[in-house]
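In structure tokens below, several structures.
In what comes next, chain A is part of two complexes: it sits with chain B in the first one and with chain C in the second one.
Here is the complex of A and B:
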């Protein structure tokens, strides 16, 4: 039987950092996509996602915990560093313990289908301090186009993913 | 490399349906995953195992809808209820994990990430108080029918 959970591409950030991590020309031969991120930014750590370069029609719901409290909020489009997008998770922040990277898993079902494109993510921003964060997201891009490219951005204007951040795109087939 | 993550069955609805079932599930995997891409009229679906509708299910969840965050629990329920899409055109990205499903010694537990991307995001844990191996799963729409184009995929994961 063919492999059904397959790595499509991996990005490892080099010296100097990058403002975005992109996966383009995504094969249309899978059913679902998964992105696993080990990341840290030079700002707040909030991470946004754009699909097919679009800067419209995003919204998301967030549920988070700090170790002492919980919170939830929603937004119809997040004005991140590169325009409208949806928050897709958190990675390490510049204020976090040195060398500590956050983790995120983003699941995008039925990415080639003719329905709106949705995503589910779990992420954390661990920190050797009183407060650290874990967050769950549900996001939607209200567009029926197939997903052919995905760009991860930092929320902060001019922000960067720092060196050694990694993101891997996987494809899952249901046959 | 041995294949450890395999599709077992997929249902894509060609017409609206009240429920979807996976039957005769092989016991040859270690864990199961069910991906739900669908909508329910109230943003909820329910799972029953091996046709059991007795009061043998419990769950704990945490939930956020953008304005309030909460945790809740139900026990002695007749199914395991969880979050799916609840808004027209906005289907769910809901992933259910069932661990060690084929043993005949322990009660069966579930982990679930439930999303109604226009309504709520949630995480659930569930318990089915039965030691039987899981051989079938039925997912029922809690309000109305699952719409055309809904997909439900069952994957099996092998530990080795």
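Here is the complex of A and C:
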């Protein structure tokens, strides 16, 4: 990893799981942010992201593959169990091979600026079967506020990230 | 009680917090709204598909021919 990456914070989910993972008080001293997730949920594996706790003004495009087919869609955010948000990728699902975790990288450039905030992600599941989803997302949060907090949520009603799921927030400087 | 993990990046301290009754109620309301939106989306898609098939039938096209025409 480039030396301009700095791990700001990392978290590992404990026993019992959690409904969301939040990074708060994000320092405003970097150029971009990256979140790496090794995650598994007790449901579909779909993972959402909210910025600054906002549940409005998201829109996104998605390109995905199942292992046997592909799909695309656009939407004004994702109205999941967590309210409107970005879909931030796919993590491991309860139907996946036991003890496997999905992987996602979420990139948020210019997070301190005064323009609308954009993000993109690439993610995949690990599953010893034909069906293993991979997805690419790009989205915009139509709000000019600096990004000070990011929350990762599961898409499913009452869903949880299971134990040993991890998320690490990196700050990136351009020099 | 469901919980959430909050990492304070200024201190590095991670806290596991129980969701409040308001947060749980909001989550349930959001889920209900999402389910309703999904049902409406699926109904609209089904109606559109039925309309396409009706037009195809009037034109004497099979479903396969219509699919080829639209692909």
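As a working rule, the second predicted complex is superposed on the first by the 171 of 175 C-alpha atoms of A that agree within 3 Å, B and C clash if a C-alpha of one lies under 4 Å from a C-alpha of the other, contacts with A are read in each partner's own complex, and residues count from 1 in each chain.
In this section, a contact is a pair of C-beta atoms (placed from the backbone, for glycine too) under 8 Å apart; a residue touches a chain by one contact, two chains touch by 3 or more.
The shown structure was predicted, so the numbers you read here are calculated from the model rather than taken from an experiment.
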Return first, second, both or neither, reflecting whether A:138 touches chain B, chain C, both chains, or no partner chain.
first
Tell me which partner A:59 touches in the superposition: chain B (first), chain C (second), both or neither.
first
When both complexes are superposed, which of chain B and chain C contacts more residues belonging to chain A?
B
On the A-aligned overlay, A:129 touches which partner chain: chain B = first, chain C = second, or both, or neither?
neither
On the A-aligned overlay, A:25 touches which partner chain: chain B = first, chain C = second, or both, or neither?
second
Which of chain B and chain C A:16 touches, first, second, both or neither
second
Dual-contact residues of chain A (chain B, chain C) none
As the complex stands, chain B meets chain A at residues 1, 3-7, 10, 35, 37, 62-69, 85, 89-95, 113, 115-123, 149, 151, 153, 155
Note: in the complex, chain A contacts chain C through residues 8-9, 11, 13-14, 16, 18-27, 55, 79-83, 157-158, 160, 169
Which residues of chain A touch chain B in the complex?
1-5, 31-32, 59-64, 70-74, 107-110, 113-116, 118-120, 122, 136-140, 142, 172-175
In their shared complex, at which residues does chain C touch chain A?
2-12, 14, 16, 19, 26-28, 30-31, 33-34, 37
